[in-house]
Amino acid sequence: MMIEALIAVALIGALVTFVAPNRVAGKLAFAISLVPAAISLWLFATFDGSGNALLEGTLAFESQYEWIQLGEYSISWFVGLDGISLPLVVLTTVLTSLAIMSSWTPIDERESQFYGLVLFIEANLIGVFVALDFFLWFIFWEAVLIPMYLLIGVWGGPRRKYAAIKFFVYTNVASLLMFGAFIALVFGLGDAVTSFALPEVADAMVNGEGIQQTLFGLEPTTLASLVFVAMFIGFAVKVPVVPFHTWLPDAHVEAPTPASVLLAGVLLKMGTYALLRFNFTMFPEQVETYAIPIAAIAVISVIYGAMLALAQTDLKRIVAYSSVSSMGYVILGLIAYTQFGVGGATFQMVSHGLISGLMFMAVGVIYNATHTRLVTDMSGMADRMPVAVGILIAGAFGYMGLPLMSGFAAEYFIFFGAFGADFDYAPIFTGLAMFGIVLVAGYLLFALQRAVFGPYSLETDYEVSRAPLHDLAPMFVLLGLIIALGVAPDLIFDMITDAVDPILEGGDS
Amino acid sequence: MAIYELPEWTALGPALILAVTALALFAFDSISPRSTNRQLLAGTAVAGSLTSLGVAVWFTVAGVGTPTADGGNGVIDPTHGFVVDQLALYFMIIVAVVTALIVVASYDYLVDHAYQAEYYSLVILAATGMSLMAAADSLVTILIALELASLPSYALVAILKDNRGSVEAGLKYFLIGSLSSAIFIYGISLVYGATGHLELAAIAEVVSGETEAGSGHDITEMGGLLGLGILMLIGGFAFKTASVPFHFWAPEAYEGAPAPISAFLSSASKAAGFVVLFRVFTEAFPLGEIGAVIGFDWTVAFIVLAIVTMTLGNFAAATQDSVKRMLAYSSIGHAGYALIGLAGLTADGGELVMGAAMMHLLVYGFMNTGAFLFVALAEHWGVGRTFEDYNGLAAQAPVACAAMAVFMFSLAGIPPFGGFFSKYFLFVGALEAATASTAMLVVAAVLVINSALSLYYYSRLVKAIWIEDPPATRDRLAQPTGLYAAIIVAAVMTIVILPGFGPVVDAALDAAGAVVG
Amino acid sequence: MIGVEYYVLLSMAVFCIGLVGVLTRRNALTFLMSVELMLNAANINLIAFAFYHGNLTGQVFALFTMALAAAEVAVGLGIILVLYRNFRDVDVTVPTTMRW
Amino acid sequence: MEGAFSYAPAIAAFPLVAFVVALVFGKWMPKKGAIAGIAATGASLVFSLWMLAAVASGETYHETLYEWTAGEAASEIGADTIGFSFGILIDPLAALMLVIVSLVAFLVHVFSLGYMNAEGETGLPRYYAGLGLFTFSMLSFVYADNLLMAFMFFELVGLCSFLLIGFWFRTRSAPSAAKKAFLVTRFGDYFFLLGVVAIAATFGTLQFAGDESFVAAAEAAIDDGGQLFGFDAETWVTITGLLVLGGVIGKSAQFPLHTWLPDAMEGPTTVSALIHAATMVAAGVYLVARMFGYYALSPTTLAIIAFIGGFTALFAATMGVVKDDVKQVLAYSTISQYGYMMLGLGVGGYVAGVFHLMNHAFFKALLFLGAGAVIVLMHHEQNMWKMGGLKDKAPVTYYTFLAGALALAGIIPFSGFWSKDEILYDALIVGLEEPLIMAAYAMGLLAVFFTGFYTFRMVFLTFHGEPRSEAAEDPHPVGWSIKLPLIVLGILAVVAGIANLAPVAKLANVDITFLEHWLDGEYGGIDEVTYSAYSELLAYETGVISSEQVTVLIAAGLSLLLAFSGAGLAWKLYSDPEPTAHKERLGSAGTVVEDNYYQDEYQVWLAEGVTLPLARVADRFDQTVIDGTVNGVSTASLFGSSWVKRIQTGIVTNYAALLIAGFIALLLGLGVYGGWF
């Protein structure tokens, strides 16, 4: 029941906040958001699951109720947690609370609506990570679009309307493609499955016969490959993976800081999480078949994304493109299909969530004071806002994968896992992708040098002063978490690997 | 349930109640045509439609029409030419719901209209016709019910006598309508000519060769004649459901008519059209047998129609300036979605896809009606008709605008709203049908493209009311009780129908099962 | 006796005449009449086939059709009336305030 | 002494605490965190000496303290599980380095009191926090017991250098220098990390010492001659070794990744002292020494190391000749000196390399601090041509500096001579067999001349002759906190050579090579990481000219001769009261050298002339092609929309026509399909 409580609190909180008066909305929303955070931490503490949720693992906090009988297929409310989803749930709740606090300063109109939407998005994000029935999962997956569309559209930057609609339509098209593919998969499995419950489908794919039917005049194997590719593309848009990434920078740049935090911190993880849950859990054979092209895509995402970041002058754009780059590492880790690879990829999801969140907050805090994000417009900000800049620098080094910060752990796991991967030329691909760590240092340090160092200069008609404490507090929390995970990755890596192993064993069988 | 005691004719209760209400209103109208006792008139109409709704729900629950095997009372034949089964009741519910909603809304919308009684009586009369369409199972009754629905509609569309738009809309609706009905009737005559019968069941027997036509000739010789007849029937129904190429009246009629009437036509009238379509083609021209007679299964026709209708509706909607016209085109697009329900049928089965279409029509009854009623509200406010005129309404009327956002996202098929399930189940159904005939893959693909496009223009409206800034010059907006009530009810239903979708699915699948397989 | 097919041909001819009228005439009243022609074409069919099949259904139905046509005309005339009131004309191609 | 090692973690912990304290409370502390730093590094020094004593008493320490994470390894050979952990390895080498690092760090902290505090710098807490973190990282790196842990702190060292070089962030140059330092070393570390991953994936372990060390595993792999990642074992060891070497070249500023180091002079001189003498730059060479066993397995790698070292030694020395900024001269001398160490290690002169590392730490710290003192004296003037005549005005500074200079120049009997001579000797005896090494030796030998020259050019210009600016007329006085470290280091620079008087030992045949014995674990050590163990692995042939003694004499004689001639030339050119520049005599060569052989130019060009434009092209491509496609789709559909809706002409007759047309089209289509006509 705890999971239901988690979602319910967020939903009700959203409604309450939505009707609350504007001036109290921020504080109220923060107070409310602490409840899910607390619950999720409690779940984390008392987690007793083992194995993979989709592959006969023992779920924690599981609950299932019949919902709809659609012909011979049953749809149910089916939620549960395993070592992969729990860290992401905690990430979501914690990040939401921090994002809410970080938006006290920048959000100065229609507050109650804003915070209501943030809580609403939190509810759906949690749902995405806990849902184990395809339709239930898909509801949450799609429902995320609405609040994000409005968050970007209402409180965003100058080109917010374009960015919002682009994000909305682009990702939705991808969802439709993926949906069709999955349904085809279910039909392809024929009588092997009688419901849309993901564990059942995964079981039929991995331990069962796999796709047996000949659909649309396609041989089972062809069908499986097509479904795999279609779903991969569908999720690739959400991740995003080059060349499906162009909605991301627009959305990031135009979105208000807290929205960016959630977007980069959690929404992108939906894509990689789905990839892991669907493609990489249900299609072990195809994963091996398509290892080379996917690895190539991963490398391209890393390098190309980094190159794009290098060409930007807008701090947010830089971070946005670097997200593309970082997500490339995740893909690399997933395709490696080794314990450290897939586990590292999952770890990177959490790590990148924290670090990119921190970066966006720091950039946001500076933006609050300067009202510009162009590194060319400002210089020597360290002189006026030492603490904020200090955190920005810390975050930047986290992004570069500085040891003893979570980013390094994640990247190292992925590299190590990918280097020893089974597919051909794995070391080469790893080596190429690793060059990203040089490029990332390049563009981040270049931006820092221009924006925060050097003699102070910024055209403002007011005095730029230090950031208020409630802007800094969330960043300190994040920094603490980043370092904690960097020093002690086993805080979550144990449970992750525990949930990852069954996937890989499925690959062998 | 005391239903056993009731005589059989009461099975038509939902329709009859509407008829009685209509007559009552007529009586009132003839007594005092200029009466403006809105409470009484609207009250009567609402009471009538709600009773009809209640009875229809009651019958459904009581198991009228459910096969006796499942502990129901079996299909009831109240009188010659009518049948009451789950399909009929299901659509009677839809009609009653929509009627109730728009009547409530009209209470405010028609506040300064001269002929109140006339309006309400026409509405209820049309509702009666639609309700009867749901139960008609002979081409005669179908034609009568259909015209009973159409004729008042013509008048209703043109009821704003001094509004050029309304009149123009009425004219176009009427002209296209009469043309279509002429074609329809000619089609009936050809079918009759080919089979010698007008009852669907009898036609089916002839088509399947169980009994031979009255004249004793072999049906297959008449294949061409029958085929032409069938095509003409399709034409008649296409007009009712605003499907290409008989859709041309729809954009103008919906745009020019009073918004509640637009809602009425685009939701209830469309649904009624579809129920007849479903019934006639599944019962009179059984798939498989019909192929032997006219050379092809009529699903082909519907595949084509579905694709064209979806595409034309959505594409034309994408760049409209007038909100009402956008909704009109989107309603054409949704007709295309619903057509998939027939296109996906196969000789053995297809409950899923047809059921999905029915679910969609039910949900559509709420979300589309709601959307049009919001337009009615806007017209009531007098803010204007274009997207720009709607800018920033949320700042002044957040509740109504929240409801509108719900309708839009639901129409676009975004959760957590009812439209999500119906649309995606339709998608699932289409794919399942595609496993049988690959042509349905094309339909599914087109569905994807169109729903993506629809996302664009629906969110465009949300953008206008929620994201854009309101113009400086716009005075306070009133909060008419009736309109608000109707809109909020529609919105709430659109939302709660998602968690409560289980019964809807069961009802729809049973309804489909009543005619398919 | 004359084969049913000739009746069908006749009705089709009438139907097409009506159709052409609908397509070419701009006067609302002519339009209405053309539609009436098409309806009567249907009636011809119905009666002929009733005779052919030797059952009365068709003839009865023809009666319905006529009644229906009458009702239609009634409503139609009403609309044409208000059309004239608003547009000072009964040309059906005049009202084009709504398009595209 | 057994219990000593349980306190080993404290050595690193103290500076870490100091870092936190300085960062958080520094603002409110009397000396802005200096006290905390001095206390911490002092404590570290004491503990390090304790460790030294413990090792001397025959103990060593190799303990895994904390498992970072563990899991399945996809290793080519060895176990299928791997643990990544933090552990401490204290053997003679580590103990020695601990002492060096903590000592230098301590002295730098003390010196900072005079150099930074007294000069009223702002942001001192940041400065001392940086120093603390720097010391912590370096000490942790020094006694890391596995390659990953080493890499981690190697990187942290890089971070600290970034923070400290960029200390004066309000200037334009400092941040740029800091960025460059981090980027260039990051580039090296990229290869290092790749090497770490490769080694871990190959051998399933990253331990330096012990039975399951990757060195042992590699040795085994080579012995049973299997295939690793499609290469035969030795090639693979070479490849991975070279990858790791990338990090070394970056950090130890070897050619071609040396360009960051001269710019790093933008940082406070104290930081330069720390970076060059004991921490960052030393880290590279120390890493080679640390995993010397692994390199010993692959002669190719060693040869490459040796050659790079020799070349860098000469290459950097030539550039040092023409610099006017006292710190610049020292910077290039650093590069050059680390070249020697690489040369020494490359030719298998493990002891020699480490010996020079130690001596260099002392005299280079001394020289930099001395330069710092000079800069204080000169009111922050760094151009040597503005100086002069400081000899009498600041005797302490002068004599200590002179001691350092003599050591650097390698003048007998100062410490530098002994270690450098030993390196050259080792290079020579190997070179007699291996021509490539001989070339490296030749370059190293030639560099001695330049070293002597630029060292004394610096000394003469700075201290001798007449004051050439009013700043030089009345120097700013320097306090005890500056003098004390100078004196300590000065003494060390003079006597440190005693640690390993190899030539004397060979000639007089007395057993006084203490350092060799020390590193050989004779007092206490871990078997497979001792000098002798390495020597067995080495595949080098060594030769002698006639006899060992003669060879020793020749080697020493040659290097001394060159050193003296260099110094002499400097004396001839610059010792007059009003020295004049002689650069133009060098002609075009001079300008080339002035511009550091255009090393910076081409690297900057690579960054800004190639990468950046490439990035812009990518961006353009992204905006136009990829995003253009996306937007194109929407534009196309909207255009289609505006076209489709035109069908609705508004004229009802057209509707009727279209309706009929549509119907007939359907009729014909289906009619044909259904075969009606």
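Chains: A, B, C and D, in written order; residue numbering restarts at 1 for each.
The definition used in the following text is that contacts are C-beta pairs under 8 Å (C-beta built on N, C-alpha and C of every residue); 3 or more make two chains touch, one makes a residue touch a chain.
By chain, UniProt protein names: A = Proton-translocating NADH-quinone oxidoreductase subunit M; B = Proton-translocating NADH-quinone oxidoreductase, chain N; C = NADH-ubiquinone oxidoreductase chain 4L; D = Proton-translocating NADH-quinone oxidoreductase subunit L.
As the structure is a prediction and not an experimental result, all values here were calculated from the model.
The interface with the greater count of contacting C-beta pairs, when B-D is set against A-D, is A-D.
Chain centres defined as mean CA positions place A nearest to the mean of all protein CA atoms. Centroid to centroid, with C-alpha atoms defining each point, chain B and chain D lie 78 Å apart. Here the spacing of chain A and chain C, counted between their Cα centres, is 64 Å.
We define each chain's centre as the mean of its Cα atoms; on that basis chain A and chain D are separated by 37 Å. Centre-to-centre spacing of chain A and chain B amounts to 42 Å, using the average Cα coordinate of each chain. Among the residues of chain B, those touching two or more other chains are numbered 171-172, 175, 179, 183, 251-252, 456.
In chain D, the positions touching at least two other chains are 634, 645, 648, 650, 652, 656. Residue positions 169 of chain A each touch two or more of the other chains.
Contact between chains, using the touch rule, shows up for A-B, A-D, B-C, B-D, C-D. Residues of chain D that touch chain C in their complex: 645-646, 648-653, 656-657, 660. Here chain A touches chain B in the complex through residues 67-71, 135, 138-140, 142-143, 145-146, 149-150, 153-154, 160-161, 164-165, 168-169, 172-173, 176-177, 179-180, 183-184, 187, 213, 215-217, going by the rule given at the top.
Residues of chain B that touch chain A in their complex: 351-352, 409, 414-416, 420-421, 424-425, 427-428, 431-432, 434-435, 438, 441, 444, 448, 451-452, 455-456, 459-460, 462-463, 466-467, 498, 501-502, 505-506, 509. Residues 166, 169-170, 243, 245-247, 304, 307-308, 310-312, 338-340, 343, 380, 382-383, 397, 400, 402-404, 408-409, 412-413, 415-417, 419-422, 427, 430-431, 434-435, 437-438, 441-442, 445-446, 448-449, 452-456, 488-490, 493, 497 of chain A touch chain D in their complex.
The touching residues of chain D, when paired with chain B in their complex, are 634, 637-638, 640-642, 644-645, 647-648, 650, 652, 655-656, 658-659, 661-663, 665-667, 669-671, 673-677.
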